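We just call them A, B, C and D in the order they show up, numbering each chain from 1.
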Amino acid sequence: MQMQTLRQQVLDANLELVRRGLVLYTFGNASGIDREQNLIAIKPSGVPYEKMTVEDIVITDMNGSVVEGKLRPSSDLDTHIEIYRRFPDAGGVAHTHSEFATAWAQARQPIPCFGTTHADYFHGPVPVTDALTPEEIATDYEKNTGLAITRLFDRLGSPNVPAALVVGHAPFCWGATPAEAAHNAVILESVARMAYYTVAIAGESFPLPHALRDKHFLRKHGSQAYYGQLGDKK
Amino acid sequence: MQMQTLRQQVLDANLELVRRGLVLYTFGNASGIDREQNLIAIKPSGVPYEKMTVEDIVITDMNGSVVEGKLRPSSDLDTHIEIYRRFPDAGGVAHTHSEFATAWAQARQPIPCFGTTHADYFHGPVPVTDALTPEEIATDYEKNTGLAITRLFDRLGSPNVPAALVVGHAPFCWGATPAEAAHNAVILESVARMAYYTVAIAGESFPLPHALRDKHFLRKHGSQAYYGQLGDKK
Amino acid sequence: MQMQTLRQQVLDANLELVRRGLVLYTFGNASGIDREQNLIAIKPSGVPYEKMTVEDIVITDMNGSVVEGKLRPSSDLDTHIEIYRRFPDAGGVAHTHSEFATAWAQARQPIPCFGTTHADYFHGPVPVTDALTPEEIATDYEKNTGLAITRLFDRLGSPNVPAALVVGHAPFCWGATPAEAAHNAVILESVARMAYYTVAIAGESFPLPHALRDKHFLRKHGSQAYYGQLGDKK
Amino acid sequence: MQMQTLRQQVLDANLELVRRGLVLYTFGNASGIDREQNLIAIKPSGVPYEKMTVEDIVITDMNGSVVEGKLRPSSDLDTHIEIYRRFPDAGGVAHTHSEFATAWAQARQPIPCFGTTHADYFHGPVPVTDALTPEEIATDYEKNTGLAITRLFDRLGSPNVPAALVVGHAPFCWGATPAEAAHNAVILESVARMAYYTVAIAGESFPLPHALRDKHFLRKHGSQAYYGQLGDKK
């Protein structure tokens, strides 16, 4: 893939987060990866979205060193890198402080799988990391944030859930492309909002039965999927 | 009715769901029926609303076989069909994952009739189906979803309530036309939201007295209706 | 005042309710009164706001008989009339089903005066009426709704609060002009929303001290008011 | 600085509050200070935002006397003045009745520091003042409101938190410029909203560990900051 194409995809994914109301000011960032060249394209740090152009997107290697671009990459770059290392199918990563997903992260609770909307995208609860130690915060904080996510997925047996909540912080989502990562971030916020309302109404937690969860996840994902048009990429 | 007219009505109903903020991306679907020809017009599966044209609307028969159109119908088609079979006055069906109605469905609770806004449209609580069995989920899932709704209305004595919550899933609404089905979906979400707030404020449930419920429902529906202009279709 | 001027004011007040997100579809209605001629101008029943013109506004006398206009007046006209009878300073009335104010009405609770925003407009809690009897619902329902409001204010000693919640129904607001009535309806919804959040955070109720309530109310109203520009009408 | 420049900055900051949905009608006000001339530029009282021009911004001295401008300054001017006196680095002040921050003020509770979004801007909880006495309300109310804020910060040891909640009233924010004060007001509302959701989900309060709070605050502020582009003003 030409890096200019990836840059454009990453810009579009970042703007999708804005259009959907997931970010305030310069919060949030989306990136994409070229797996053949091992190059990452990511939003620059602290640049207003309304002024951002495709040339502002920064290209880095897998160590976070800038390869192309005049601006500093997002300060969360090292978290993105650890996600790319851990999930070889991830082609894009999106990070927001969307308010309901963030509230679950602040409340230190996974987002339960209460319904089919959730199960259409996330095959089980969206998990929350352990707290970082003071040492992990003091040195290589952003990298350690990524490692907290990857450790979490190791411990849980790698559920088919392209999102994690970083405790006390906010969600990270990923997907096959930058667009899909941003799409998952938008869905996550809707799912987080409905889970919030569900708990408030029910006063207790009714996880979706596994048969229904599996049905919905597999209706849209995998070889038996029958949602959408023939030939759509799942 | 010409199928082109029905197609246009169905497209308009689908777009109304978008305009009112009831659907995210390709979620949700509305359909209409021509009762003389027993043909259904329904949204195609997984097509973005902003690109959808009247030609994309799919025509099927009452068994769900495509009669006209190049695209696959919504994966929820079989649920719509069961609703049309059960409610002979239904000319349109709308399905969304609107967030508050969905939260009630996820909380496994009917939406109580707390006020006159609710009673203007729904003559009693909006009921919630029983859970489907694993067998019902495994085979003919969408048809069985429709049958869960029709069984529910059989059990409740067919209340004059053009909406149901499918447990753990989301609402289905219906009406005399596709436009009215979409309209009812919009009202349902507002009513679901107000019921949520009401429970949070009151800490307990005060159903609307039946005299007031009946007054409002009959003020807008039936032979004694006096809301709106003379000659308006109720 | 020329009736054409009043008609325009009433149309504008109705459209303000739409612009501020207080009404869905044809819900809600605002009216104005010419005190010299004892004529009321009110929104027609069930006409979409986007098509409403100044000619659609209906003129009635104080008995609710149409004097000018081809359309039926709002079905809530008789409630407006009772409010005009009871509050001689009222030049306009606005009725909405705005969601948080309605939720308080459905929860059968007055909106407490928790803060200065409330006290800037309402000199104490926004009260809620008693339930109507089945007889009051069966005959002259809309007139009896107005009488429930006026009885409530009689009982409470006529507080300086230009709004009431009709139990299980929704709010009615009034003001010196149709614009002010609509303005008060917008503020009421914001105040209702903040009161809802306040109770959820605090878990209990802290009414604003009377000294602060009086300070804010009198800073904007009455002979000692000093908010706004000199010469502004209070 | 030329006063015309400051006037423009103050107008922009006021309009930013509107654009971000923080103010209803004429609620809210932002100001800026020229520290060399000891002159304040502030929004006029009760003027609609849509009609406000740079010429309407009022210039006053530190005693609140109008130096330039034909309109009355915001009735909250004396609160702004006390904030400028107490915080010598403040170049702008913004006051809104934004709904979630106001709800915390009405609930008489500080906004806890639950997450990194909060810690990016506020180095600890956003505190709430003590209630004013009836005497403080009766005379020099707005000045006493400012003194309640400055007393609060004296008592707390001047935390690096550019915002305070006035009990039963609403938030005041400040910053190096009028734009930054308005920016902080927008962030405060988002943080207040997420804190509200967090408490509702968790049922109890998990303050962010201090190591993480400090990391995020210092990542954006002070000499070791590494967020944004080199040369950005922190």
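Simple rule for what comes next: a contact is a pair of C-beta atoms (placed from the backbone, for glycine too) under 8 Å apart; a residue touches a chain by one contact, two chains touch by 3 or more.
Being a predicted model, the structure only gives us computed values, none of them experimental.
Using the contact threshold fixed earlier, the set of chains in contact with both chain A and chain D is empty. With every chain reduced to the mean of its CA atoms, the largest distance from chain A is reached by C. By the residue-number overlap criterion, the interface of chain A with chain B counts as different, with under half of its numbers used by both chains. The geometric centre of chain A is 46 Å away from that of chain C, both derived from CA atoms.
Averaged C-alpha coordinates give centres for chain B and chain C that are 33 Å from one another. For chain C, residues that reach two or more other chains under the stated contact definition are 200. In terms of which chains touch, the assembly is arranged as a closed ring, every chain touching its two neighbours and no others. Note for the complex: chain A touches chain D at residues 24-27, 44-47, 71-72, 75, 97, 99-100, 102-109, 131-132, 134, 137-138, 141, 168-170, 196, 199-200. Per the touch definition, chain A reaches chain B in the complex via residues 114-117, 183, 186-187, 190, 193-195, 197-198, 200-202, 206, 208-209, 211-212, 215, 219, 226-230, 232.
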